[in-house]
Every structure is written in C-alpha cells, then in structure tokens.
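Quick notes on the structure that follows.
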Amino acid sequence: MPNPQLNANGELTHLLAIDGLPRETLLHILDTAASFLGIADREVKKVPLLRGKSVFNLFFENSTRTRTTFEIAAKRLSADVINLDINKSSTAKGETLLDTIDNLCAMHADMFVVRHAASGAPYLIAEHLSRMGHNDIHVVNAGDGRHAHPTQGLLDMYTIRHYKQRFEPLTVAIVGDILHSRVARSDITALIALGAREVRVIGPQTLLPTDLASMGVKVYHDMRVGLRDCDVVIMLRLQNERMDGALLPSAGEYFKHYGLTPEKLALAKPDAIVMHPGPMNRGVEIDSAVADGTQAVILNQVTFGIAVRMAVMSILAGN
Amino acid sequence: MPNPQLNANGELTHLLAIDGLPRETLLHILDTAASFLGIADREVKKVPLLRGKSVFNLFFENSTRTRTTFEIAAKRLSADVINLDINKSSTAKGETLLDTIDNLCAMHADMFVVRHAASGAPYLIAEHLSRMGHNDIHVVNAGDGRHAHPTQGLLDMYTIRHYKQRFEPLTVAIVGDILHSRVARSDITALIALGAREVRVIGPQTLLPTDLASMGVKVYHDMRVGLRDCDVVIMLRLQNERMDGALLPSAGEYFKHYGLTPEKLALAKPDAIVMHPGPMNRGVEIDSAVADGTQAVILNQVTFGIAVRMAVMSILAGN
Amino acid sequence: MPNPQLNANGELTHLLAIDGLPRETLLHILDTAASFLGIADREVKKVPLLRGKSVFNLFFENSTRTRTTFEIAAKRLSADVINLDINKSSTAKGETLLDTIDNLCAMHADMFVVRHAASGAPYLIAEHLSRMGHNDIHVVNAGDGRHAHPTQGLLDMYTIRHYKQRFEPLTVAIVGDILHSRVARSDITALIALGAREVRVIGPQTLLPTDLASMGVKVYHDMRVGLRDCDVVIMLRLQNERMDGALLPSAGEYFKHYGLTPEKLALAKPDAIVMHPGPMNRGVEIDSAVADGTQAVILNQVTFGIAVRMAVMSILAGN
C-alpha cells in the first residue's frame, strides 16, 4: 500500500502521522521550521506564503489550545482561517463526515486541520479527497483518538535537535500514560526514524501498551531506574479521567512513583532537558520546581510548535 | 409601498427576499457571480473589493454551514468579518434587537448578514436602518423563519442557468416539505420572475402550503406523475423534527413516496439535473445513488453559492 | 510601589485602571483617539499600525459586546486577532491562569485584552509578564470584577470632552448601582484626575459604597436634588440580578426613584448630556424618551469607544 501522505513524486501531501515518513522528509520539516523561527522576532510577524488560501480548522473534539497554535501559524502565513466547531454543525443535523468534507471542498478549501476523537478520521478524509480527485487539498492531523499527533511529535523532535544537535547519541525517556497518549506514539516513531540510540518508556503496567517491545523500546516500571543517564525526559500529561478509574490508585500515589521531582531528575544526565506537551498537571506528573527549573524547555516547545506548524502548512501548500 | 431592497435609483441596497426584485437585478447578480467564479481557481483567492469594510454575521439562529459560506465570501472580498453568536450576547442581557443594531452601527458596521428564526427580522432591521438614516449599511437575509433564504434562491438560479442556459423552456419540480421551506419559497419566486415555463411542487398534502395555486405553481402529490419530463429536480431537506410529529408516518414511508431514487429520476428528462440545498438526509429524501450520481449538481451549488454571496456583497457595498 | 502600568520612561505599557495614570497620559490617549476617529469614515477603515501583531482576546467572563469592540479596534489596526473563550480552554483542564499566559507568550503574543470576573486578574498577569521579562507584551483590562473598566472610563471622558471641551467647569452626576459598577469607579477616578469641578453619585443607600466621601465625591439619595444643574448625567446599568435580591424592592420602584425620565432630566442644565455604558434596560434605569432623545449621546459613546481602544492599543504597541 502506498503511503497516503506522499504523492507520486514522494512529496508530502498530507501530514497524518510520523509513521512511514522518510527520515529526509522529517528533517526537511525541521529545517523549514528553523527558517520560520526568526519571523516571530520581526516587527511584522507575517509572511505571504499562504495568502488567499483558505485553511479550515475542523475540530470535532474541542481543544482551544491546539486550535490556537494552528490558527496563529496559519495567520502568520497570511492564510484566511475559518474555525469550525463541528459538534455544533451539520454533522449534528445528520450529515455524514464525508458530506461535510465534500461541501467544504466545494467552497474551495485548501487545507483541513483535523482533530477527531476517532483514530483514523484524518486518514478517512485524506483517502476520500484522493478518491474525489482533490489532490490540491491537504490534511493535517491535529490529533486523532489515541493514534497520532504528528505536529506535536515534530515539535518535540525540533526541540531535541535544538538542544542536543544530533539524535544518534541520545537516550530519551518518555514517562507516564503511554497507553492513552497519541503524543508518545508519535514521539517514539519519530525518535526511531531519526536514529536515537535508545528510547525508553516508564510507567505503571496499567498505562503501558503491550506492543512496545516490538517497537524496539525499553520498558521500565521503576522511574528511578529508567531515568538513569537519560539525555531527554519527556513527561506526559495524566488525564484526570484516568485517576478516577480503576487504572490508578490516586494522584498522590502517582506523583510519588511517576511524578518528576528534582531528586528523580538528578538521576538523569546533568544536562538532560525536560519536556512536556502541556497543559501540565503540577503536582501530579511534574513538580513545579522542575516545571519552572533550568532544565525545563517546555515553553520553548510551544514556540517551536508554531514554527513547525508553519513549516508543515507551507510545505503542504507548496506541493 | 416602495421596495425596501432598492434605493431611489433602483439599486440594490439590501437583499431581503427574491420577491419584488426586478428581473434585471436578479440577472445582474448572476452575471456578477459568474465573474467571481474564476477567483476560486487563482493562486491567491482574494480581491480587495471590501477591504477595510466590517461585515457582521449576526446569527440569532445557529447555522455553522451558512455562516461559513458568508464568512468565506466576505474574506475573499478582503472584508473584516466579525461573527456574533447573538444568543450569547446582549439580547440575553435584556437589550432589544434594535438597540443591538444601533450599537453595531455606531461601531461603523458596513453590512449585516442576518439569520433569525423569526420571519421578517431582516426587514425590521433594514427599516430601522433607513429610519435612522444609515443608508450606507446593508442587510443580507441569510434565512428568516419560514419566509425567505434569498442567496440560496439565487445560487439555485445560478446553477440552473449554468446547466440549462435559459429559463424559458424549463419545467422545474421542487419536491418535499414545501410548507416549512424558505428555500422553496425563494426558488418559486425566482423561477417565476426569471420566466421558467412551468414550476411544479411535489409533496404530501400535510407539507404543502395552501396558497400555491395563486402563485401559478402546479401541485402534485404523486412524485411519479410530477417528475415526468422535468428539466430540473430540486429536492428539499426533510427536517428531522417533521418525522417525529403528526405530519408524517415515518422516514421509511416518506422515502418510499418522496425519496428520489434512480428509478423515479428516470421519469424526468434524461439530462435533468438534481439539486439539493444541503445538508442531505441520505435515504430519507434522496438515495445515495442519486446524490452521488452523474445528474446531481449538489456540490456545484455550493461552489456557485460562494460566488453568488460574493456578488451580492460586492453589489451592495458598491451602492 | 511603582505604577505597574508605566515603564521606566513613564510610558504606558499596560492599561489596567485609570488610577495612578498621570493627567497627561489620559489626555494623550484622548488626543490619539481623536486622530483615529476619522478612519471610520474612510473608504478603507484600516491603518497598518499593528500589522503582524497578535492580539489575544482572553475573555474569562463572557461579554460579546465588549469583545466585539476590541476585535473591531484591533482589526482596524490590521492586527491578527485571536479570540479565546477561556472557560472552554486549558484552565478547564486544570492548567493555572499563569501557565496559560506563559503558553501564549511562548506563541509570541503581543497583547492580551483580558476580561475576568475576579478583580485584579489583569494586574496578576501584568506582574507575571514583568517577572518573566516579557516587557514587550501588553495587557489591557477589559473589565475585572467590580474593580475597573478603564477603556469605558476613557471613552466616557472622550465623550464628555467632545461635547463640553473642558472638564474644569463641569458638574457630573453618576446615577444608579455605584457599588457593583466598575464603570462608575473608573469614571470617578478619571473625572477627578481631569479636574471636573464636582462629581456626584446618586443612588439608594444599598447600592452605594461607603468610601465615596474620601474620594471627594458628593453623595445624593434623592435624584431630584442630585441632578440639579448638572452638565453631564451618566446612567448606570442595573444588573437584573440586583432586582431579585434583597438590595432593591422592584424594577418599578427603582424606576420611580432612580430611572431617568424627561421630567427628572429637566432638573439638570438645559444642555446636559446623558450617557450610558450599555446595554440599556429601558424602563428600568432609563426612559425610552430620554434614551432616544436629543440629549442622549449613548451611541456616540460606542463610536468613540472604538477610537479610544484603537488609541490605547496603538500607544501600547508603540512603546
């Protein structure tokens, strides 16, 4: 099966997941992002690359935060941005997802940024566009179910490269609720593709998927062992709903075992960086002393995230 | 009573309904829309005709779909668009509708796109603007109660003209819930004004208004008779709430009698086109084989709709 | 304690309250607003002063009306405007207010327009920005609790100066629910700073704060006495929730004593102007004959409000 993200020339036509993207494509996105980073420091933070293009933010699942990052990125590229809160829209009137897409295509959409609770929804849309011959309309996955969140994965890679230059010598630990995390899945795939020496996941048995070994990832249940000599520590957000369920005893108990404190962080390399996709639960998965400490690069991730999303959108629009 | 839609020079100053608009005005809108159609295929899909103008989408009734078409049209004309979900706004604080309008006029609004559950609300606003001397502020009716939806009527006319060139030889059938449909009302008025040879409505007794004969429209209850030799078939959306009530036995029963299937469509002329204002209820008023078939021009209606709305807005702003 | 609104050079860096702003700063804002007033009459109502800047409307408390005025002002300055309805956003996910702010700073925000139910929230944000070294990011208070609503205060001053030229000879009465009104507080402070001869407040005992005498304000419970010989009458909106509570007997009783009727207005000077921040409760605090009468300048306040907000934003962005 050909990769639906690449066109016949091997150029990126949709961004659906990190999986299956060639290493060069990933690096091309990171390099392009680097060129956009300076724009935010200019007096006029805009470039006309997407002028006159219509970017639709299709958020079937509410996420003001992620929507905002894409909205800013698109506006700084001079696109016209239309936010659609689809829960309130036609699908509520019984229209199917693909009828909605067909309608927006007929309005001459150029790009769909899609967030959906169902894994695979952006694929479904991309396949439908291809079937309908809309090869000039592009899909960006802004998070689908537990499956993928590729721009978060890319901005994490950008952040790591920014601070560590090369992936090859790195040991990277991802800590927390791997099972429900699309961020973890995207990060693991990207780290392996970019040649990181060792990828570790750390978490309680109940929050780890069972297929990790086959991905070439080392599994740890004891955070004090797993963090040892790491270069990069990626903390995951603990969804509140996990704590109410049967998966975890309590937030306090979780923090004791898997919360990142200065004492636990000291087990990693002295120059290790600490990352988090946000929003943080302070005192649950991360101690404020770490979140606000000198090793945290969490806010820089946000800054890089805008540049990465501008890069993805401009690369897609260029093809 | 002078037509509140036309100024002293006979120029369009508001678009409230098709009723009372001279044939030349309708044709001028369609011709202007044709000139906008090409813009969507350009690299930069924008023209500066409404640059610096403030267009307010005043949606007293929620309709993401219609609001989006006006938002895109206004942005492609380079207007500043401000979406106001009025349910949440000042009217909830006890301010009257006209106080809200006065306030927005004081902010130097240039155009109001109004959607309201009450028939006549856009007229009320237009009359108020005239009384207050705001002759440079324009109202576009984006659907008021059961009364009118003139831009839908115009885009339907654009679609028919695009495929059939002339209205004079045409037999057009409108099928379904005529009684509750502002689209049907706008279409019938436009078709008569533009000289269509024969306008037919087809539907169950309970969903047809009683004043149709006086409008010069032929009434059919048997779809197989009514579709015979038609050039154009306009299907209407069946509101879900109708099916729960006493007006209709069931969706299945409705589909059997008034759903457009390939077999029923075969009774119309071989080159008949099938239209629908969307969103479609597949399997209720229209079979998927027809909706996705070669005679359907439903998505083209959407494309033409953007051009028609751009035309209306630019004509209004030019007066 | 230095004034957090002014930088080391005494230039305006945030607009949090009228309190503590030098008279020259207030006059500079009013003069700048005057220069923006003409823009609304131009064919293209835009200036490029904030082009490429990202203005975030952070509304922790819903107010479509106020949000719209800032959105229009920012768009007419050519800024990119991002509306964040924060109730739905990350703070709902347990993120703290300041983490949200940090994130938006990391996205290279240029300005936050903040509305919050808690008094002092905009101060908290401004102090945090200063602590984090973000001296190029500006805060505008769009209403915080019962504390302040400085742009409303400024537009009221603009209105008074427009009609009366000088503050020194004026007697100004503010009528109604002073206790819960951030508008009253901002107006009183501004009037005193600008040298109005006499500031009066008129209202029932239960709706007046106890510290008014110390502010140099004259207190009246009898509207017929308090209005005598006034040059300016500022009516306040009576929140519906006050009428349900123990503070007031009924809306009818309130109107009898404190509603502005033509008969009561006749006690003020013949050329007195009548102001109201909107939205009005006709028949509660103001009679329609007054609201729509020749002495009312209520809609002009709205027009001036856009110019004042453009002035504030452009002054902040210029520092």
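For reference, chains read A, B and C in written order, and residue numbers begin at 1 within each chain.
Just so we're on the same page, a residue touches a chain if its C-beta (ideal position, glycine included) is under 8 Å from a C-beta of that chain, and two chains touch if they have at least 3 such contacts.
Not measured: the values here are computed from a predicted model.
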item	value
Contacts common to chain A and chain C (chain labels)	B
Shared interface numbering between chain C and chain B [over half = same, under half = different]	different
Distance between chain centroids, defined by C-alpha means - chain B, chain C (Å)	41
Interface hub residues of chain A, defined as touching at least two other chains	none
Contacting residues of chain A [partner chain C, same complex]	40-46, 62, 64-65, 68-69, 71-72, 75-76, 240, 278-282, 299-303, 305-306
For the chain C and chain A complex, residues of the former touching the latter	51-54, 80, 82, 84-86, 88-90, 93-96, 99-100, 102-108
